[in-house]
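Structures are listed in the sections that come next.
Shared between the two complexes below is subunit A, which pairs with subunit B and subunit C, respectively.
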Partner chain A sequence: MRIFKLLSAFFKVNVQMSLAYRADTVVNILLNLMWLGWELLSLNIIFNNTDTLGGWGLGELIALLGVFRLVNTMMIAFIWPNTEKFNQSIRDGSMDYTILQPVSSMFLVTFSRITVWRFWDLILATVLIVVGVNMSAETTTAPQILTFILLAITGMIIIYSLWIILIALTFWFVKFDNNVTILQALMDSGRYPATVYPAWLRIIVTFIIPIAVATTIPLQALRGELSAIQIAVFFAVSVISFFVASRVWKAGLRQYSGASS
Partner chain B sequence: MSATIQVDQLSKTYKVPERKGGFGAAVRSFFKRKYKEVKAVQEVNFTIERGEIVGFLGPNGAGKTTTLKMLSGLLHPTNGKANVLGFTPWELKQEYLRSITLVMGQRNRLSWDIPAADSFLLNQAIYRLSDDEYKKTYKELDELLELEPLMKKPVRNLSLGERMKCEIAAGLLHRPKVLFLDEPTIGLDITGQVRIREFLREYNKRTGATILLTSHYMADVTALCERIIIIHHGQLKYDGGITNLSKKIAPFKLIGVMLAESNSHDLSKYGTPVQNEEDWEKRYIQVKAEDVTRITSRLLADLPIHDITIADPPIEDVIEQAFNS
Partner chain C sequence: MFLIFKRLWQVNWAEQWQYRANLLMYLFYWLVSPIIYLAVWTSIANVKGSVNGFTANDFITYYMVLLICDQMTSNIVIHTFAYKIQDGTLSGELIKPIHPLLTNGLVNNIAFKVLTIMGLLPIWIILFFLFKPNFSGVAITGVLLSIPIMVVAFFIGYLLSAAITSLAFWTTRVYSIHEFYFALILLFSGQFVPLPLMPKLIQDIAQYLPFQLFLYFPIQLILGKLSTDQIILGYVMAGVWLVIAIVTFNWVWRQGVKQYSAVGA
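Entry: the complex of A and B
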């Protein structure tokens, strides 16, 4: 498949770039080992001291943490480095070359930079999800697990779309480096189940800020708390948001081509 | 088959925020921004046939880069039409993008930290080139540009000239049919410029690619292009053969004389004296082309001439005059 060929080409180049500076590489490996140790330690603390939080069982909490890690990996491995590159390419004009390549510019802007070091996070996330789902196995059914996976993906698509819209705004404002900061602020509220928040904040977190969509809602699906209609709505929202994002992106490109010199 | 590049009444107007210098003006401008319309390109027309190398000339801000950007598809024009290889460039069709290239001398497409060879492979994936196609093109480019020794070093460790070779090669791996080159030799030393020039000539001969290039170095243009297009303040000033340019815009000849005796003779009664920094031995006058024979014989009769030459004025001067006319 063409997309996988391209992705693997990008991945290779990013590995090559990551290995370009030896001292930097060593520091990165050490740092990431340290992080992994720290993550495992804090997981151990959660395992040993908590049974429930806001009415959620331990297995569900672990699965939630796994989904959160997954979203986090998407942020750190793709969204951050590519935002940085994007902002830079608008300023130094290398965006011109991106636009003139015979591949969707949205695809190029999403995948041209990859923080390859964070791939351990992906493994950790998968392990957490598998363990969490297993721990709550007595109370879950196969369809619940499937909708959980489906909604985790739709949640990530919604966040991704939001990101595309945020960076596309740069085409209008030329300098809009805060686009990452805004997204990060939205992200942090997703670390805990949305039910921990008071009702009014929950509404904001769930509907205005779609991060809850990526973490809490899949978990609700796992617990069988969502109706088929709700599941269909979330699925539709992700499709619509992706569609809107690609339209905004195209409009942004038109703006860029109309205004830049 | 119609022309490779066809430009019809192409115009581009920018809106540029404008304010006076100073702190107060900066604050006022934040709340109420004034815009000024800049007509970068105004109703430009030309056609370029397959295989032509055309030099695109004009002073800074004349609209050269804007035109190149419209033709490559980066900019939407405010008005007018363009057709390149049967496509409207700014629709950005993938098929179109696969058959053109834009190389800008002042911008980098290669990743700084890794050898160019690695970036080339990424381009191979992006342009969907088979291994055979890629190897064949790479071999050709290597032959012409001597790339191989440069491929092992990270791009940041290359000299400017070496980097430019790699940048150009990166832009040509997909064997584009049309090349838009914006200042491809900028910042290079004479040898570097000559290398790139020779490469472009040979590449054009081998592949039949159409080349439209802008350059500040007249030598690039005089060496490569039989045809030039001059644009000034966004308007087309001249489009035609480089040899005709002097006839049309500056129908003058330069007569250089070396006198056997002292240099005290007054030459201004024969023609306009001009400086020539490359030749101190001779003194030069500029005369109208139709007067050359008459004035030459008068000079030979009147003065103790040791040596005499008749030449076209340097193309730089002619173009300079074209800008100012």
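Entry: the complex of A and C
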């Protein structure tokens, strides 16, 4: 329960912070809509020239866009702003105060900064997924939808774990403030099914920087392309990676020696 | 004047060299979308044989050349200059008898370009072996003709971006305006897909805008896909837009400097 209280407190503080820049919020939402327009236009251009992309239809790509936006929202609403704050706190030593709190430091580092206006993207993403699923010709069954949701969550946990490991490396290499660029750079690969990429790129986005695990794979579950064993594997991988990430985080914390004090 | 540029070059080169690790990260970041577009379109072309006359090899060569043209013609002036107007550090540069954006800012951008192109070369060669493009359509005249176009396109892009950057004299939301401008480039330059595959309306508008000179026109010129008439038209457009860009930038800059409030001084 304490966790929820803390979350709502963080949320409140961040809402207040963004209320100071109301006009910026409006501009940001307009720009966000502009990019949505561009994304739909680019899908339109692709499907004016072909009927399927790697066997996927327009509806499925719209649903994929929705999942992509979901993952992207997690990145922009939590991961980027908190990375910035974290890197800063390692450099100037204000990490001290985070560690002193009687709550898991990993929790604090994940949630203390929230880009609140991005939450509206969750609505957009949901609409895109629902519309996309309805547009695709094949009928989807309830278990498929459930595995889709499950795998979207496991995918995000895997990416989150990778993020924790990447920023924890900063404890050892203080000047490692490019720690998340690689994650940021490959993000765009989530807009299209990884199955159309050449093998080397598919390997990178599946196994090394697993963007596809949170975007393409859940959609494949929705299309009923995954076996029960594969689904179990992804689930197990997410549990293991979360466990490994929290271990690395703790090891990193022991390494931390402060900066100024 | 030559001596001024020489010194500016030394300073800016040394500065950019300091950030070479960041620069590699930037390069990596920038590479991803063209490679994804390449993968998407070649997979479609492979299934269908050709898309609107474009074969898989046409797409591969298009995006491979795009990587070079984009580095030649793009600029980063918004990132290196807008903050100087906002935090007042511009004051020191305004006192000097040389134009901040047309000397120091320009040389800084060019130093950045030279370094990124140096970093791009080995990556480009790796991609060459991964995608195995067939460049048999490329003729030396097309390559030679594309060089002046890319130089002029760089200056057009630089002046237009500099004009937008100068809007920072009036508004703090200059980055949002620049994001909108960036979307226009994406739409009309042929970055996402060769322009003939775009909807008719966008193609018609793109013809008259400068953005196709950044990518689509020089790429097709290098690949030897343009007729003499189209080449002449492109050159004329480049000349016209260079003049428009110079006039626009000068006007915005002059009005802006009058507006400048030297924050923090």
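The rule is short, and it goes like this: the second predicted complex is superposed on the first by the 220 of 261 C-alpha atoms of A that agree within 3 Å, B and C clash if a C-alpha of one lies under 4 Å from a C-alpha of the other, contacts with A are read in each partner's own complex, and residues count from 1 in each chain.
Note that in this section a residue touches a chain if its C-beta (ideal position, glycine included) is under 8 Å from a C-beta of that chain, and two chains touch if they have at least 3 such contacts.
Quantities reported herein were computed from a predicted structural model and do not represent experimental measurements.
Asks: Applying the document's definition of touch, where does A:Tyr97 land relative to subunit B and subunit C: first, second, both, or neither?
Replies: Only subunit B is touched by A:Tyr97; subunit C is not.
Asks: Touching A:Phe235, do we find subunit B (first), subunit C (second), both, or neither?
Replies: Neither partner.
Asks: Identify the partner contact of A:Phe107: answer first if only subunit B is touched, second if only subunit C is, both if each is, neither if none is.
Replies: Touch status of A:Phe107: no partner.
Asks: For A:Trp117, is the partner it touches subunit B (first), subunit C (second), both, or none of the two (neither)?
Replies: neither
Asks: Does subunit A have more residues touched by subunit B or by subunit C?
Replies: C
Asks: Give one of first, second, both or neither to describe whether A:Phe11 is in contact with subunit B, with subunit C, with both, or with none.
Replies: Neither: A:Phe11 stays clear of subunit B and subunit C.
Asks: Which parts of subunit A are touched by subunit B and by subunit C alike?
Replies: Dual-contact residues (subunit A): none.
Asks: Can you name the residues of subunit B that touch subunit A in the complex?
Replies: Interface residues on subunit B, with respect to subunit A: 14-15, 40, 65-66, 69, 72-76, 90, 92, 94-95, 97-98, 100, 102, 104, 107-109, 111, 113-114, 118-119, 121-122, 124-128, 154.
Asks: If we count contacts the way the header does, which residues on subunit A are in touch with subunit B in the complex?
Replies: It comes out as residues 2, 5-6, 9-10, 12-13, 16-17, 20-21, 92-94, 96-97, 99-103, 254, 257-261.
Asks: Any idea which subunit C residues touch subunit A in the complex?
Replies: 21-22, 25, 28-29, 31-33, 35-36, 39-40, 43-44, 47-48, 51-52, 130-131, 173, 176, 179-180, 183, 186-187, 192-193, 197-199
Asks: Which positions of subunit A touch subunit C when the two form their complex?
Replies: 23-24, 27-28, 31, 34-35, 38, 41-42, 44-46, 48-50, 52-54, 178, 181-182, 184-186, 188-189, 191-192, 196-198, 200-201
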